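Two complexes follow with chain A in common, the first pairing it with chain B and the second with chain C.
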Partner chain A sequence: MNRLPPKKNPLKRTQVPVSPPGMRSRAATAMTVAAAEGRFALQHCGECGAVQYPPRELCRGCLSDALEWRDTDPSGAVIAETTTRVTPDTYFRGLMPVRIATVLLDAGPSLIARLHGAVGRGDRVRVAARIDAAGQAILLALPEQEGTEVRDDPTVRELSTDPRLRRVLIVDGRAPEALALARGLLEAGAAHVFVGLSEIWKPFALRDQFVALGACSFVKLDVTDADSVQDLAAEIGGKVEILIDNARFTRPGGVLGRADTVFARQELENGVLGMIRLAQGFGRAMQARGQDGVNSAVAWVSILPIGALVPQMSHAMASASGAAVLALSHALRGEMRGSGVRVINIYAGPVDDEWHQELPQPKLAPKALAQAVVKALVEGREEATAGEVARDLYARWREDPALAIREALGGTTA
Partner chain B sequence: MSTLSDLAQALASGRVQVVDLTHTLSADFPVMVLPPEMGQCAPFRKVEVSAYDHRGPAWRWNEITMNEHTGTHFDAPSHWITGKDVPNGTVDSIPVSAFVGPVVVIDFSAEAAADEDALLGVEHIEAWEERHGPVPAGAWVFLRTDWSRRKGAAYLNLREDGAHSPGPSAEAMRYLVNVRGIRGFGTETIGTDAGQGGHLDPPYPAHAILHGAGRYGLQCMCNLDQLPPTGAIICAAPLKIENGSGSPLRVLALVERDRGRK
Partner chain C sequence: MRTAPYEGVVVTAPFTVPYVRFSPRPAQYWIGAALRGALAAAGLGPRDVDGLTVSSFTLFPDTAPGLTDHLGLTLNYLDTVTVGGACGAVALRRAARAVQAGEAEVVACTAGDANGIDSFRRLLQSFSRFAMDASYPYGAGGPNAVFALLTDHYMQKYGAAREDFGRIAVAQRDNARRNPQALMRGRLTLEDYLNARMISDPLGLFDCVMPCAGGEAFLVMTEDRARSLNLPFARILSAVERHNAFPEDSVQYRGGWAENAGRLWDGAGIGPGDVDLVQTYDDYPVICAMQVEDLGFCAKGEGARFMAARDMTVTGDFPHNTSGGQLSGGQAGAAGGFLGMTEAIRQVTNRAGPTQVPGARRALVSGFGMVNFDRGICTAAAVIEGVQA
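Coming up: the complex of A and B.
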């Protein structure tokens, strides 16, 4: 089992992040899209039904271009295994030896995958598509049974964003999900949780409940104040391995509801500009520690309203602010590529809080939002939903974005 | 010698001292909190534009944002609905002579220490007047509570039923405005009214009565303990914001040293 590494020797240089090979064909990039959602998908031929790997432009059986990416049974057996001990590749040099397997899937094709330490030739495995430090899909053969040993395997850890042994910053400790999030992260093995508190001149009723969690401390942080972000980054920027940006200001209503832009500006200050300030404060430090051993910096999490993808009339400005944060989040993902820091988007349905009070059920319990965040981190997903409404709207958006957006304006029968 | 040259000499010699009654404008300074569905008072924020670097090599400057009622600030009559039709009720139209004038200080710190909801009553003013004479017409009246020494959450002192801090009663405000004809009323707390002032009659009597009569407010001040009960002069000029309802400002007091500190 992995333990927290000893304190760093200040005379030794921190390992500089280098990217694993990151080029993929356009066809293969579709596998990354699925991997980001935690799905294992392969090309299925619409003409002859063949399942193929690696991805191509045409079916290798019948040359049809009617190829469709479908979730595929990940079960199979390891039929061959190779151990690489020496490599000229800068990224893999630090990981030697690396075990590579050929897995014959029950679904038909055989494929090349990284190997979990507990499985080898002849073993039954399940293949998972994971996002690597280059931001691309990589296949990983895992034991059929899940458990902590699976999480602690160095290859699994390299290809996930597990909070275990890592220090996490929850940006807004006053958000409804913050307490459940801190608890969930610590239960998942996080080494420490920093809890941001804005407006320290206001009461904070949950203080004792956070303290009771143990490895949890409060830090002064207000994303609307550049100095506050910079001051905190100067203090703990080198210790934050997972940053969860949950700072939002939400007010219901559409475009015509108010006579001013005061609330709209606050939504932008907290969501959009807040995210930029956080990135300016913490981004570089996290990037620099992206391959810094067992507790390397590993994830930047943006919690977004599902309106970021499918604008919600009940909360038009939150949708607009979320859409802007989403665009920035994609940009940050591109900028973080090669460092080992993954950028994770959690799309949340309407949270069961005071600012969604008038909306009908089902609403998202803050605890369920927290669970979705922890699950995405443990499984190394970059795109995940929280709650039924978000799951439904996300699926509709994936199928046909224009239709989903039209539907959300009302006037479409169920 | 003219009055001003006398003053210049007194300032140079230290016989007249300048006391700063202003808190530093910082992101952490509390602002008035209203029910969250209502529009809020924006706290002070500062963004660096350049600081002797590639964004501007030889100079440093910041962009600042805030509400008209953030930090140590001035309330013009048009801040309140009772004062919306008062002539010259906005900061840009108030005669500048109103910004410099005498101030008297009522020490209410013992009462505020004993009861955080303490209300200044007419009896307190009358007791003060017995010792110092009538509150002069056209003077500022400052309520010293030592509230400015409170830090963090203790300043607004928010609880489930709202803020708790001292302030004036409606009767005291009517007395000061209608009987004594004061120029304005100033406090160390977040507003000119008590924390629970919304439950008085009329609600927020300092705001309602002062501004309805075309008088001014000053709040979030500090160092009132350095002012004498009578005899000081303050300079409190808000920014000249077009049609503005108030403004953060620097409040300075001129205090004659030989009159003794409190």
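Coming up: the complex of A and C.
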């Protein structure tokens, strides 16, 4: 699995994306919310402490309705397994055979999970919750030890967005994290990285460092120009398996600081309208290739300021633009459902660059942002943070969004 | 706790609408046709029925009340028995209690389901909330995959072999070859069974039932009424039901029968050795073995070997699923839960024709249904004894 799959026969029809079974109860959707964050969570009873699965409305031990989704010890043992070879479902028919197992968790309940190729009956496993092509959580029993052979398992690949063997477009090559991102993706096994440059004729100090990475090429891309996006999509749209939208224009300040809307307009042009142009240019092609073999199109990554969730007074317009992109990103996630393309939101804290000079530490090193993106891709997370500030604010927002937003205005003691 | 006996109540007029692999006819047809057949067998008309039980998966958007309107019935007693493959024994005992208590005079117990192209997939993907959330999205193998897990575990735990399960399937095919209504009547050898393509390991093709359309019905009434109609009938010696037994078991290896066997046989006043034939619910052979052992025919874990060591054909020493069961007859949805009951009524009233077990008087009928998540929830069993009118 270290080499690209052979070139596709252009005379053959590309596999048409078919959604796996995608309907869930509202309670089970809560498991998907945790899975999107890379967590394995089950219902714990707030009264008797029982851990239960599948998700219920009440505790099956004491009928309490005080059920809480808590991170749960994923360790367990495979006590039965089967290789399913026949199904009436169109998605799974294309994947047969499919191995599943009954896993008895140390935490108590037993569950049905997909099986990694290296584990079977009698083995100790760890259960992970992964987002599938329907956008829903699927439980997957993995070997206890992590490693690249774990990543390359076909079932793990189906249930992740691994950059290995895939071609990636980094939309803004001039962004501070772009070089680290290209390096991290290639180290993770990406087949090629397209680096977008607006005004490609302009001097670019890091050019040689990108070139030194190897499987990297520059492409002309200006997200504020619909023709530029369409031209590039026409050229490489069928080759982009992961698109990382890091285009942004950030200026500090609140609402009252300026007498015009020049910067605000530029933030919208780059962030919001840019995202729409990219989606209109690349989205359909990616969607169509969502189940196109080993290097299928798999992820759309939106890098957002944490202000998209918890508006930041210091960068009000970046927060507004981020919030707008986030809303569009959710919509895109819904539109991509069933295709195999996941939409990943990375919430970044203030980056350590010239536009966040006046903010206190800790600020986000570009390299740390790049690492967060690669990690989310490898693990198939749809919601992830980058940096301590983003992690802190995200946790507050998850706990109580209204409180987090109010306290971000200041006036609340630590 | 000992339940009251089913005194003065009998079961009669079994009727099976011949099964069809695919049919455009909806559930209302199959249930109605079964009802008409049972009433004709009893010499009764729709106006004579004042009680109805309905078992079906595919009546939607109708429910049982809609069916009364559809079929022109006016009732004192109406019960929806949605316990899947346990519905035969459960419908029987509930109907018997209604008649015994004077709530109804004649209760028609009915079961039927449609099977059109693609309807099985649609049934599976929304079979239950837990199936939708936690089993179907895992390869969409349906019950085959869930029972493969359960069979795998049972084989490890008790050392049962595929050959043991194969003998159950092969004997049922031998029985089906006597039954002109069975859908699968081609010769089947143990070798065929073992060499068949795997469906969900360790389950092969002949471990699995074929979905089809069909309907079944029988009537429950007072013994006096049956005698006045000059009908052959069977008395209900005992009947039990239990749902969601042993929820703490990590994988199902036993069912509610294990909790109810004492009550069943105490109520019947006889033991497992005193029945002339056994009708188990046979969605998969491992479930037959589980019923036989949990109901006391042999020690726990010995079921598969116990059965394999016997002649399970109509003329054998352990007649089992004498019509061929679902494994050879097809699974007509909820009607599959009635198939063993209608056949048992025919057997103990000496009306089974080509599959008749010579001299059969008493039968055990057991049922199993509703794979809600990773196991069957509903279990039931009944012992009936035939009386020649």
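Following the convention adopted for this analysis, the second predicted complex is superposed on the first by the 410 of 414 C-alpha atoms of A that agree within 3 Å, B and C clash if a C-alpha of one lies under 4 Å from a C-alpha of the other, contacts with A are read in each partner's own complex, and residues count from 1 in each chain.
Note that in this section a residue touches a chain if its C-beta (ideal position, glycine included) is under 8 Å from a C-beta of that chain, and two chains touch if they have at least 3 such contacts.
Just so we're clear, the structure is a prediction, and the values are computed from it rather than from any experiment.
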Message: Taking the superposition on A as described, I'd like to know which of chain B and chain C A:V301 touches: first, second, both or neither.
response: neither
Field: First (chain B), second (chain C), both or neither touched by A:K202
entry: first
- request: Could you tell me if A:A35 is touching chain B, chain C, both of them or neither one (first, second, both, neither)?
  value: neither
- prompt: Just chain B (first), just chain C (second), both, or neither: which does A:T224 touch?
  reply: first
- prompt: Is A:I170 touching the first partner chain B, the second partner chain C, both, or neither of them?
  reply: neither
- request: Name the chain, either chain B or chain C, that contacts more residues of chain A.
  value: C
Query: Does the superposition put A:A113 against chain B (first), chain C (second), both, or neither?
result: second
Chain B versus chain C as contact partner of A:S25, first or second or both or neither: second
Message: Quick check on the superposed pair: does A:E81 touch chain B, chain C, both, or neither? Answer first, second, both or neither.
response: second
Message: With touch defined as at the start, can you tell me which chain A residues reach chain B in the complex?
response: 199-203, 222, 224-228, 251, 260, 262-263, 266, 354
Query: In their complex, what parts of chain A are in touch with chain C?
result: 20-25, 27-28, 53-55, 60, 79-89, 91-92, 95, 98, 100-102, 104, 110-114, 121, 132, 134, 136, 138-139
Task: Sort out for me which residues of chain B touch chain A in the complex.
output: 27-28, 30, 33, 36-37, 39-40, 42-43, 45-48, 152-153, 155-156, 158-159
Message: Per the contact definition, I'd like the list of chain C residues that touch chain A in the complex.
response: 118, 120-121, 124-126, 129-130, 132-142, 144-146, 148-150, 152-153, 156, 197-203, 247, 250-251, 373-374
